[in-house]
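In the two complexes that follow, chain A is the common piece, with chain B as its partner first and chain C second.
Up next, the complex of A and B:
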């Protein structure tokens, strides 16, 4: 896990009662969360859980109900000003196809005060993308690489990545996340990242938010998650004892019963079998399949 | 404006140019090339036959013919420009939504209003300048063609380069003034078309015609008159620049067709044209244009999808 800690109390993002509906369909049901500086947040949820809508609201790309402040500003009314300090990649390829790569970099350099042309060019040297290429001629993976190089070259206070590595092979994905932590991340920046490949980003997250049907079911630091949730490979003789501890999730794998507990003391958990740390994906399955609604935040 | 100000405007204008260079750079270039290729081929193949044309009239002064052809070519370019600008405004006001790129454009620290205003600015500056460039190039080639014909045909006298240059400057500057202020005059129509493009995408043309036809028809029905205020305003808006041209030529008692163009001068045309513009109506048009651009930008601000 990444150990970058917030050095300031100031939150980059504050959302209170964030609500969004499309017609009769309520996509976000009045969620509250905040993102301090120097943190890497994972926003995880099923398709249609409201992740992209929440991100769009934070970026000022859509209107909403509730109170949202990003870098102290109301996003929908101040999108242009905010974008000087925010970089983001959407979950769909969105680079303008009629431009050449060099023209795109020129455009970024001329319109974005915090864009570093040379850094973008350096990042592209690691790829097969030529500055003379037309964007429409690039493959899906190259498009993602180009967009990542562009956002990484922006000196932003908040980086929002919505499924950033979609279409990229495992080597580039690993390289990108490594670079994100080593080169990009600093105590003055925060990152909000959504992905379905949660296991790949687990090592870099400092905080995790699970979203289900427009509601937050978990909002916690990774340290607290490790303390709060325990995964136990249950001793077959202690199955009944384990059930009494009300596991939030139970599965059987190759004849072995595995349970995840919420808030059970480590000593008790250890007595039930072999204790291990629940991965984000295990926790995701556990919490998303829980019949009950939102859980308490555990910050 | 964003903190980058004019640099951002310049870059967005360049983006508009790149996106629409086919209509304003490549197609006119190809058309002009084809025209002059045809002309040179005709001269080369039928050079001897031009001498026979002298039987049909007195030798034409080279500069007169140059003026006539140049003014005619500018009229054709103006028609092309107007048509393309209608397509440009309807298309460019929603073009950023293609291939999900609206998400990219919205990631820039530039507001929707700034982007829409820049698109309008491109329509008033970059593209007319490109068309004037082609008109200029056409004049240069026209000079070469007329000199070629002048060398082999008694119908056309060879051009005196000093007089031709002076004629060219007068026509070019007068045409630029005419085109620029005419575009400003027509701006509310362009931006209204742009607003419809933002709202309805490819249906803008049909909607534009339907709206104008319906408002005119309703007005006629309600006022029991064949031509109401709206229809009259629209007619005035469409015909005004050309009425001014007609007034200028009539007031100067030019006689068609031999010497109407050879005395076009900046000193006569520009003050004459500017003094006859209805500046109150021009200002109303700008106000309406600003409203249409603002409405289109507000609609864009609320859009995310393609």
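Up next, the complex of A and C:
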């Protein structure tokens, strides 16, 4: 794939030693990560792990310690400029309820340099939302669709979605992500998504970051995750052998022992039972429940 | 919602979907195959995965990338695919089916008999449908 070489030195997001504390409470403990172009990053962690704080730092919504560059700029000092190239749906997103949809589009067109009015209108044609509707009369699903239509109509390089599908039913969630791929994704744009319904988008993601208590526990492409972690339905006669490979997670389901291994060779894992790929939610449980992070024996 | 299994890499599974699509379709070499974006959106997988799936079909010689126009079936797509899929079946699935046949102690005679029975049933059904259609047509004519 030719876009990999081209993006090596032009990451959309670059964070080094990103640290943030509120009083004595250290929310981000100096994390490093970067987001190249053309990728869909999932940022996953428990409530209070620091996801929203990290996002706010990228968007220039909060000050922080450490070095952060978004599209080459320091976000806190250059927020207004940056907003021309970044779109964002926050988990507490609120559109001005007293406006009509058409008025909101006008407002966006007047205030945002990269907003494409016609595109927003086109996107809304595919929904049940009428331009004449008052925003406060829209259902939750419609609000999410409206919000998505508006951010899609912004010619942005980075789209940040903080729990974008919270409270939506499964049909809407599916449609939301389909639109995202169809109307937004391209080789020179990237998306950062946080969500708790991570199994639904696991194949949408190109990369995954696990955040726990302000620290990164896992930061890897999905391809490497599939290579590094293996889930095995253990052959009952090989339990002892399996334990010797030091599984990072073990659970028993209807008498069947299932283990997740980190960095165990495929031939060895295969020998212990039936090999499969661990789902993101299984990995989440495996890595987040561990007393110490998984980084020490990575890579 | 779970449309993928977790025993095969996702790009292989997406590739299989594209292969099924090609084998089922009356696709020709003139019309483009669904775009990477369309497939990615349809299956909710990331476009890089679909790119990889298509890439491996290009390497097989089934699909051609035409610059600026998209993905197209190659001239011998069906022949290559059929050969590939047959190979795949004989090497991957057949041994498992064979093992099952052995463990169930089924003989070739049993299998052929069952085959004949099912063929007969199919023909019977087809006959019945035909007579029913004829009757219906007759009614309509009246």
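Definition applied: the second predicted complex is superposed on the first by the 284 of 299 C-alpha atoms of A that agree within 3 Å, B and C clash if a C-alpha of one lies under 4 Å from a C-alpha of the other, contacts with A are read in each partner's own complex, and residues count from 1 in each chain.
By definition in this document, a contact is a pair of C-beta atoms (placed from the backbone, for glycine too) under 8 Å apart; a residue touches a chain by one contact, two chains touch by 3 or more.
Quantities reported herein were computed from a predicted structural model and do not represent experimental measurements.
Look at chain A after the overlay: chain B and chain C fit there side by side. Once chain A of one complex is fitted onto chain A of the other, the partner contacts of A:98 are limited to chain B, with no touch recorded for chain C.
By the touch criterion defined above, A:203 reaches chain C but does not reach chain B.
If you stand at the C-alpha centre of chain A, chain B and chain C are 130 degrees apart, rounded to the nearest 10.
With chain A used as the common frame, chain B approaches chain C to a shortest CA-CA distance of 26 Å. Chain A meets chain B in the complex at residues 56, 59, 61-63, 79-84, 86-88, 90, 92-99, 103, 106-108, 110-113. The touching residues of chain C, when paired with chain A in their complex, are 1, 4, 6-7, 9-10, 37-38, 40-49, 51-52, 55. Touching chain C in their complex are the following residues of chain A: 1, 38-40, 170, 174, 177-179, 181-182, 185, 200-201, 203-206, 222, 226, 231, 274-279. Chain B contributes residues 2-4, 7-8, 10-12, 14-15, 18-19, 96, 98-112, 114, 301-302, 304 to its touches with chain A in the complex.
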